[in-house]
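Down below are the structures I want you to see.
Paired with chain B in one complex and with chain C in the other, chain A is shared by the two complexes that follow.
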Partner chain A sequence: MSTWISNFYHRNGTALSIFLLLSVLFWVFILIVLPQLFMMDFSFRHNLPPADIGGAKDVYTLENYQYMIYGSAQSEGSYNTVDLTVFARTLIAAIFVTLFDLAICYPIAFYLAHSAYGGAARLMVLSLIVPFWVNEILRAFAFRIMFGATGVINNFLIWAGILDQPYDFIRNDVALYAGLGYAFILLMIFPIYNTVESLDRNQIEAARDLGSPWWRIHWRVVIPYAKPGITSGCTMVFMLTAGALAAPQILGGPSSLWFTQIIYQWFNTGNNWPQGSAYAIILLATCIAFVLIMMKVFKVKLGEIAR
Partner chain B sequence: MRSETFLKISVGAFVAAFFAYLFGPLIIMSLTAFNSSQFPRVTPWECFSVEWFDVLINDAKLMNGLRNSLVIGFGVILIAVPMGMAGALMLTQVGRRVRPWYYTIVISPILVPGVVLGISTLIFWDRMGRMFNAGYDSIFYDGIFLTILGQATFISAYAMLVFIARLQRFDPAQEEAALDLGATHVQTFRKVLLPFMKPAIGSAAVLAFLASFENYNTTVFTILSDETLTTVLASKVRYGINPSISALAVIIVSLTLVGAVVYEILKRREQAAAKESELVARGKVEKRRRQSPLFLDPAMIVAVLVFIAGTGTVYFAGTIGLEECKAAVLAEKRAKTERAIKERQTKEMFRQAAPTTPDPYAPAVEEAPKVEAKGTEGYRSIFAPSTLEGMAGQESEEQKENVEAKGTEGYRSIFDPGNLKGQAGTEEKKP
Partner chain C sequence: MSAGVDLENVWIKFGEFIAARDVNINIKEGEFFSFLGPSGCGKTTLLRAVSGFLEPSEGMVKIGGEDMKGIGPNKRPTALIFQNLALFPLMTVWENIAFALEVKGVGKAERRKRADELLNLIALPGQGDKMVHELSGGQKQRVAIARALAAEPDVLLLDEPLSALDLKLRQHMRTELRAIQQRVGITFIYITHDQGEALTMSDHIAVMREGVIEQVADGTDMYDHPETAFVASFVGENNLFKGEVSDINGEQAVVDTNVGRVRARLASLPKERQLETGDSAFVFVRPESLKFANGAEADNRIKAKIHQEEFEGQFWQVFLNVADGAKKIKMSLVNDGSDLKHEVGADVTLTFQPELAVALPEGPLAQE
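Showing the complex of A and B:
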């Protein structure tokens, strides 16, 4: 350790050493590690008025986590069905949104990497990026306009005679899923594109020459090769969907909640920060577990996921 | 062969459908900004107008949010870019056993949900403030300061990835050569490494600004009683929507397109320059003196002219004859309403006159919900322009209330009190 420090000092000189060490220590401890630990600590405490914090009543408790499972202490024996349902629905919906994005992005990524050339390919990449420079809120707003009761889609369906009453896309969460799928397309396409692009075309040619139909080429050659990209894209999309707040707030129906919205409410109107912290920890733990499972099942490294 | 063409056509259709999904919502949203209708919609089209841009610019709350967003954006650049660079340089220097741990820690903010980052920042600084017995007006409870730190947590990781990619192409021999030739460490850093990193610094700064500017999940927790553009937008979109937000979207989309065009032109020039230098090196052509400056580039001039002409045309088309058109639409609506009323009256008369009706109150009861529905539906009803105005008035009152509540409740109620309704709903459902 001390040899490392002297080497480090020798290699960088005084000013640079101090800059590097201070920046990295500040980032790692003050911004990343300590806030998470404080949040963890906070989630095990009672919700006390400011005067009591640090006093005799400020002891550790599991009640915030118990609340997630059993609801308030009065209703013992029964489960907190509202929050548990929201939690489960958030995860299941996030999985479906991820699969939907994978299904529409894989062909596009493959097409971009192997069928489009030169200017056309560059134009396509540019036009993929442009919508994602537009604010997340505005994107959700666009979906709200489209799917509204007098929106373009309803008007078209009525005009075409498919519907005679406007269909409430927002109440039925269609708008929400379409908007969430839309929001993270780019994060699915680019990892897949990056891996597929480096695939040697000769491998595809060889498979074709040996008489393989196109779907088997994809199944046996392209997809195994693109696995790190697919894993990376799926992980990012799942995490961002499960942790999304803006789209569910704007596009969610009045009766449907996203798990992040419950967290938001504990902080905002519920005024119960420890409870909110406990829920945030649950969300964080779920996401960590998901990443670990993805890394284990698909045998990729963390560095390949976060790119 | 036939299956080949079929495959090609279906691939083409798929690509087309994909891009329709990508651009359709943005195009429709942009169109609604130019419709004079009080509610953002394309059909029925009323008048082509640019008045929503006026509404947008005169929106003090939104402009205040924009100012805060810009301040935060630059703050994040100032913190995240140096920190990301330090993180990347550190990665090349830490020991082999520490490296995976170090990398996992600094990359984790990208994978951690934004809300969790916001909450942890909020709690950490709240506890710090309490530890130092700081008042609520101190820096520990300053929304802009907290937001800069909260966003820098993960944006530094983005910046670091940009720097890592650039550093992979760096030849350490350059640094060693400089040191051998007697340069000090600081000189080597400034004269060798920094110039090499310059393009990466630029792109990291742009990336950091954009990421900060559009962030919502972290900001909404750390901003406390202040507002950024995204939080103002979110509360506006949730509590009633009007086309001035579409107007903002038009501005952002056009800025994005301008950025994309400039980027494309720069890229082309770079390629042209590379090609030319290659030809010069082979001795095939004479070296030209210099490339013309960017603003004299023909492509750039065309782009600027198109932009100015487009904006001008839209502006004039949206102001000339707007009042007449609006008056005409209003008159049409009135006529329609009157016709509807008359129709109903005649129906009523027929019914009352009809001897088959045993109870004269029955039709009235039947009629009542319909009338009521029209009143409450508000924006859905195209027959009642007056209802729309009523709605708009209500909305602004609600917003005023929000502001007042924020002022009095102190820093804990930072978040929009309007969410109360949703909360009450869930509380009721809980056993």
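Showing the complex of A and C:
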């Protein structure tokens, strides 16, 4: 460690080394670790009026976490089914959106990396990127209009004779899943594209030459090779979907709550920061645990993702 | 099982570019056949047409007498060994070898057994559980061969598979490849730009230039009886004297060159290409066919000045300037113990036997 530091100094000189170290420390501690520690600290405290903060009542407690499971202390013996259901549904929906994105993005990434050339490839990348210049909220509202009762899609389906009357895409969460799926498409495509692109074409041809049908080429050669990219993409899409707020707020049906919306309510309308922090921490910890378990299951190391 | 390969009037075009021009070749079953040519001559393209990765623009590829049109690479009885081998890095050695069996739906135990047998064939017993990156270059080479053989192809296609190896290993692998071919008895089609590889391993060689097959022959014929100027200049080393045919004398041509009148064997060519009096001709003389004249010869006397000598142990390589000084020629003298050392700058007279030189119609040469 000490030799590494002295090497680092020699390589970069004093001024640059100090700048690099300080900026990294600032980034990691001030911007990432410290706020989360505050949140952590909040989540173990009672929601007290300002006068009582620092007073005798200001002690650590697990009640905010207990609330997530059992509801308020009065409703002894029963579970907080509302929040738990929303929590589970959010995670399942996030998994669903992630798999949906993977199914769409893997072929696109593979095509981009190995079949598209020159102008066509550039056009394709551009048409993937440009829509993301549009503001997230605007995009969500556009989806809402598109999927609305008199939106393009309903109009088309009625015109084509597939539907007699408009289908409520919003109430049935189709708009929400479509919006979420679309929102993070690039985060799925590019990591996969990056890994697949470095795959030697001859590997694909060799498998084909040895008699392999196309699906086995992907199953045995391309997908194992792209696994780090796939994991990286899935991780990001899953985390961001589970933590999305704008899209569920705008596109979600009236009856379906996203877990982030509950967190938002605790912070904002409920004015209960400790409770909100506890919920946020639960979401964060669960997502990280889930991702780590999945990585274990699919035998991907953290270092590979960073490649 | 083994199968012959026939290319009939094969043309391969990429837009304006013609990669193969009316190629006609019969490769007999069980034969070791090489395509030899400089890079960009179209030999890899031909191989891809045989393996099925591309279809000829015109003409027919037949394997075992059957037209392969519309049959994809995964359905052809060929297996290709890639220049960079293209082993699957995330599979173990035995999984690599057994991949073709996995595709066929062979059970795991049987696959493993077959892989182990092939590992024995390529002299890598017990290495099946290693990962590919743990092997040396020569070992990877052999695994690639085993992986292709596991598919039980009728024809094995090899695209310069030795080019990544160092010289020693390359020479070793030549012998090995030839031995494996004889053991398994299937047709090998080998692509190379290295004439040493082609000459040592092949039953027959096709020399290619710019999409055209220049000549098909066995190794000794290709060296001793070249039929085009390109083959004469590409295969082995050759000294070239340009001139005009002044007389045809039975099996020999008399050619007036800038180093004087020389007599050389007349190459036996199809009638329309046969040299006639008055034609421009190239006379090729191998470095080992040149000798110092002892004064008794009537013909083929070339005056030269020694420019440089290089000792290579087995040979002396002598570089000379011929009379007008513009042209350098090379002669190889076997180091037989006699004192061959000649003074640099000495004027000498060289000679060669007419039957050891060949007169050919002028044509494009291999690049130096």
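We adopt the following convention: the second predicted complex is superposed on the first by the 271 of 307 C-alpha atoms of A that agree within 3 Å, B and C clash if a C-alpha of one lies under 4 Å from a C-alpha of the other, contacts with A are read in each partner's own complex, and residues count from 1 in each chain.
Definition applied: contacts are C-beta pairs under 8 Å (C-beta built on N, C-alpha and C of every residue); 3 or more make two chains touch, one makes a residue touch a chain.
Note that the coordinates shown come from a computational prediction; the quantities given were computed from them, not determined experimentally.
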Exercise for the section: Scan A:26 for contacts with chain B and chain C and give back first, second, both or neither. Expected result: first
Practice task
Would you check which partner chain A:5 touches, where first means chain B only, second means chain C only, and both and neither mean what they say?
Solution key: neither
Practice task
Could you say whether A:210 touches chain B, chain C, both of them, or neither, answering first, second, both or neither?
Solution key: second
Exercise for the section: Kindly classify A:48 by the partners it touches after superposition: chain B alone (first), chain C alone (second), both, or neither? Expected result: neither
Handout entry: chain B versus chain C as contact partner of A:285, first or second or both or neither
Key = neither
Exercise for the section: Once the structures are superposed on A, label A:62 by its partner contacts, choosing first (chain B), second (chain C), both or neither. Expected result: neither
Practice task
Once the structures are superposed on A, label A:92 by its partner contacts, choosing first (chain B), second (chain C), both or neither.
Solution key: neither
Practice task
Go through the superposed model and pick first if A:220 touches only chain B, second if only chain C, both, or neither.
Solution key: second
Exercise for the section: Mind telling me which of the two, chain B or chain C, contacts the most residues of chain A? Expected result: B
Practice task
Within their complex, state which residues of chain A touch chain B.
Solution key: 4, 8, 11-16, 19-20, 23-24, 26-28, 31-36, 38-39, 42, 50, 53-54, 71-72, 75, 78, 80-83, 104, 107-108, 111, 115, 122, 126-131, 133-146, 148-152, 155, 182, 185, 214, 235-236, 239-240, 242-246, 249-250, 254-255, 257, 260-265, 267-271, 273, 276-277, 280, 283-284, 287, 291, 302-303, 305-307
Exercise for the section: In the complex, go through chain C and note every residue touching chain A. Expected result: 51-53, 72-75, 78-80, 82-84, 86-91, 99-100, 102-104, 147-148, 150-151
Completion exercise
As the complex stands, chain A meets chain C at residues 200, 202-203, 205-213, 216, 220-221, 224-225
Problem - Partner chain A, residues of chain B touching it in the complex - result: 7, 11, 14-15, 18-19, 21-26, 28-29, 32, 39-43, 82-83, 86-87, 89-90, 93, 95, 102-117, 119-124, 127, 130, 149, 152-153, 156-157, 161, 184-186, 189, 210, 213-214, 216-217, 220-221, 229-230, 233-234, 237-238, 241, 245-246, 248-249, 252-253, 256-257, 259-260, 263-264, 379-380, 412-417, 419-420, 422-423, 425-426, 429-431
